[in-house]
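So, here's a batch of structures to check.
Each of the next two complexes has chain A plus one other chain: chain B in the first, chain C in the second.
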Partner chain A sequence: MIVSFENRLSRFLGTTAIFIAIILVLFPFLWIFLESIKPPSLGGRPDIWRFEPSWENWHEIVFNSNVPLNILNSFFIALITVVISLICGAPAAYAFSRFRGFQGARYSILAAEMMPPAILILPLFLLLYKLELIDSRVGVITAHLTFVVPVVAWFLIGFFDEVPKDLEDQAMIDGYTRFQAFYKVILPAVRPGLAAAGIFGFVLSWNDLFYSLLLTGAESRTLPVAIAGFWTFRGIELGKMAVAILIAVIPVLILSYSIQKHLIRGIGGSGVKY
Partner chain B sequence: MHIKYKLILPLVFLLSGIMLYPFIFSLWLSLQDYRLTRINDVQFVGFENFGFIATDQSFLNAMGNTISFVASAVIIELIFGLSLALLIQKLLIFRGFVRSILLAPMFITPIAVGLMFRFLLNSEIGIIPFYLLRFGVSLDWFGPELALFSIVLIDVWQWTPFMLLMFLAGLEALPKTPFEAARVDGAGRWLTFSSITLPMLRPVIVVALIIRALDAFKVFEYVFAITRGGPGNSTETIMYYIYQTGFRFFRMGEAAAASILLIIFILVFVILIVYLSRPKVIK
Partner chain C sequence: MGQVDFKNLRKSFGSTNIIDGLNLEIHNSEFLVLLGPSGCGKSTTLRLLAGLESVSSGTISIDGCDVTELEPRDRDIAMVFQNYALYPTMTVEQNIGFGLKAKKMSPKLIKEKVNEVADLLGLTHLLNRKPNALSGGQQQRVAIGRAIVRKPKVFLFDEPLSNLDANLRLEMRAEIMKLHRELGATTIFVTHDQEEAMAMADRIVIMDKGLIEQVGTPTEIYFQPKTRMVAGFIGNPSMNFMKGEISKNSELKLPIGNIKVNTILNLGQHIDVGIRPEKIKLADPKRKPNENIVRVMVTNIELLGPRAIVKMEHESGQVLTSVVDHDEIGKYELGTNISISLASNALHIFPKIKD
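For the complex of A and B:
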């Protein structure tokens, strides 16, 4: 009986702890949503919970600000970054997974992934400056590739490792060349992996502030930089910032949930075997 | 040429262009007196920049801040992440639902997280200080004493989910037999945890620690969004220091030297962790 009581108590405490964690996670989201629909005159008043919802902030952001342009920039930059990453990353990840002699190469991908942005931003800035590519989408894409390519390649190694070798052996017996086997048989087999890696890379690029902050200007400004720009204004601008934050956050949350299951295998990248 | 080299060619080409070349450029840069304000008057100064950086009080301060930030954030996240993973694993219902909610913070852009908490914790208009005051608690979250700690808390909010994700997967992959054997032998909760779960999770813990610590070294957005290094320079982190030196004071040479010292430091750190956490041979 004592054991059962102890069991029940620990279960109760555990559920309570999880409940508290859920509230701590959800509270900022709830708050930012409420701020976004507060009438601007009440913005930033912590004591007001009951108010007539107003869509004025949303209206202002959608029709009277640069945020739509920022969204477009962020989307375009992330998309191109991911496409280039997949085109360069997939064949290489396949080679790393299938052929001998690439142990060192695997680790250099990992090293590239760990390279702090502080060391690359200085030369990248100077090079793009000399090429007159500051405040251009091409410049930001170049910078984003430095962290998206290694992650995508690393991600894909794990997925290729799980495809049985018989698959391409069979294809080659049927008369495909190695490249055809890769292109026509293996790639379709890892489609979920390609999608997961692509979405993960997209989110990384979409969320970046550091490179975008230093490499963009009015024309190519991305959403995170625009959000950071609201910080100089006070009180009344809080509502607009809330709207911009929600616009940046909601699509990413939806995308990320679709790849939740694949994330672990991707991050582990076949380096971690449990 | 063997097909395997053809397959990696695009990647090698791309990474040489966007990473290797800039990296070498950075090494060269660290040996020059390179200022954005005098871009046509660049002089070779040897290791002078390194000497300047290594004795610069604010570099050492930024390094110190970063190390205490990384250590406290990562340890708190490890403890919370592991506890939550163990609790969620025991849940009978709603497990997937709870996991989905608790993972949310790690996906959103850090600048948004920083700004949200900047307003939530603001001593004049923030909700949290407002209600804490009703209980008679008055804290200046971004004052000189608490600012770095507040930034640690924000990091914990956003990145504990990463630890949770790693540990949930790690726990799921553990074999069942040792746990059944332990139950048959009458081992208690704590004994089971400390002598079976923890040792078997070791590889996952090490990987999670390294990934999270390396990521935490790059902390920039929270500082940029909230304190800009202040009050004084109590929250100036190494990334913020390099950003300031390079792009506020236009001293690219010194900034490059600082970034190279950072990479050496990180390298030593990783080697140390891997060395310390290698499985010990039981005799």
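For the complex of A and C:
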């Protein structure tokens, strides 16, 4: 086989570009990891590369900080947010998928996404304040629902589009109500989509800083807020922050990797096919 | 039992009338085929009967019971869709039993009935498979099994064979007819394939643009088409048509000459005259009465095994197609003039409706 010069050149350039991209993306992780195992005495000195590794930062974070509580808060909030989002988002997505009228209607669920969160936060804050839900997990969940529900619904439309309508017709002829047809036949058929949308929504909630920063206090503080909190007026506690960042990021990496197959369809696949 | 009655059925989507006043009685145990060009409203008719679409006006009754407003699940019908619509997450066994489960039947009884049907359709060894591990023909059988296991009053089939290859289609066709004979349930079968319709139907309903053109046995539909549409739609190669009008002495004035017929149509009425290709014969030297001899030139011969399709042209420009048996082909030579005979009683006369 003769490989032309142009071909080899373009292969070489492509490979190089990928390597550069990988280094650009991975370097911060490496740096953060090194920072997390530096002895505290060397904290805040990113220029030092040779040191004796120490697990002191990890020990501090795990046993002598609020970070475990923050992790629990984040996990609990993301989990409840996702469960509610799936319960509301799946029927909504199904309805949009089967809607025979104006096909652009489905884009309307993205309207909430397009609004700057700053517009929502003030009324939300006042509302939660009146309900005495500031510094409560319920309050943060409410806030997260405003953006996770539409995203989950949007994500699922493409999956429902791929389930033939004949399937629910068949179930109704087979003796079921329309709603039974939906949850006995259609929902199981989009199970991979539900899992992917759930994970996607979970990561969105888990990563949120904006709402959590404004709505949480000591009790309900989430991990991103806690991470930001290492930046104190005494300076940045870079070592501990690095530990918390790694703890926050690793689940996201694993989860995102697990749904990568469905991400494209979920994010892009719900566009209207004329 | 399973007698279906459509009265004045209308269905419109938005402002377009898809079904435009359909009246039809389907007898108990009948195998009725809905035949028509694609988009004429066959599927819509089935879906109306199934309750998957709501009627715009008119009534549907099954065994004398008005079901127009009933939900699909309360109508006691079963349907086989073109793409089979098997539940992808369920095994064959669960697919077939799903309708029985809705009736709150005991799992033991369901298993019994599913096994019985699987046995009948040769699906026993596939019961634990998922639909995506089945061939097209097997999926088709599962869909049929799911329909018959419930013993409904009426079976609906919406072009169930069109996704199968030619051999399998013939096999499934025979199998569906056999099942119909054994079960004796009323069956409404939609197709756009006239050969399929002819082979399977007790009666054929020809539809066009949301209206019934003709209802009749395959023989009636073929030999006594009531409308120009039916005449042109049925038959392969299709019927020859000539434009003409009625002249004095009830003669047909046609491009190929005047032909004497018995007709009650009025002088001056514009008409289409049709004749089936197989009715165009070489003129016999011993001329019989009622035969009309026409000189034409052979313009094309297409050999199709046992038969050939011969195209010919009259000096007026009128083109005629004839079907010729293999051993007759020698008598037709490309580019030569021949005499053909058109029997008057083989002519179909359709008055043109002015609009």
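The working rule: the second predicted complex is superposed on the first by the 255 of 274 C-alpha atoms of A that agree within 3 Å, B and C clash if a C-alpha of one lies under 4 Å from a C-alpha of the other, contacts with A are read in each partner's own complex, and residues count from 1 in each chain.
We adopt the following convention: a contact is a pair of C-beta atoms (placed from the backbone, for glycine too) under 8 Å apart; a residue touches a chain by one contact, two chains touch by 3 or more.
Every value quoted in this text rests on a predicted model; they were computed, and no experiment measured them.
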Worksheet item: Just from the overlay, do chain B and chain C fit on chain A, or is there a clash?
Response: fit
Discussion item. If we overlay the two complexes on their shared chain A, which of chain B and chain C does A:P188 touch? Say first, second, both or neither.
Written reply: second
Worksheet item: chain A residues in contact: does chain B have more, or chain C?
Response: B
Discussion item. I'd like to know which partner A:L209 touches here: chain B for first, chain C for second, both or neither.
Written reply: first
Practice prompt. Examine A:Y176 and indicate which partner it touches, taking first as chain B and second as chain C; both and neither are also allowed.
Written response: second
Worksheet item: With the two structures laid over each other on chain A, which partner does A:M115 touch: chain B (first), chain C (second), both, or neither?
Response: first
Discussion item. Is A:I245 touching anything from chain B or chain C once the two structures are fitted on A? First, second, both or neither.
Written reply: first
Item to complete: Would you sort A:P164 into first (chain B), second (chain C), both or neither based on which partner it touches?
Response: second
Discussion item. Quick one: is A:I18 in contact with chain B, with chain C, with both, or with neither? Answer first, second, both or neither.
Written reply: first
Item to complete: Just the number, please: smallest Cα separation between chain B and chain C in the overlaid arrangement, in Å.
Response: 12
Worksheet entry | chain C to chain A touching residues, read off their complex | 47, 50-52, 71-73, 77-79, 81-83, 85, 87-89, 98-99, 102-103, 146, 150
Fill in: Contacting residues of chain A [partner chain B, same complex]
10-11, 14-15, 17-18, 21-22, 24-26, 28-29, 31-32, 35, 44-47, 84, 87-89, 91-92, 94-96, 98-99, 101-102, 105, 112, 114-127, 142, 145-146, 149-150, 153, 178-179, 182, 203, 206-210, 213-214, 223-224, 227-228, 230-231, 235, 238, 241, 245, 248-249, 252-253, 256-257, 260, 263-264, 267-268, 271-272, 274
Worksheet, complete the sentence: So, in the complex, the side of chain A touching chain C is made of residues 164, 166-167, 169-177, 180, 185, 188-189, 191
Worksheet item: Where on chain B is chain A touching in the complex?
Response: 3-4, 6-8, 10-15, 18-19, 21-23, 25-26, 29, 83-84, 87-88, 90-91, 98-105, 107-113, 115-120, 125-127, 130-131, 157, 165-166, 169-170, 173-174, 189, 203-204, 207, 211, 214, 217-218, 220-221, 224-225, 238-239, 242-243, 246-247, 252, 255-256, 258-260, 262-263, 266, 270
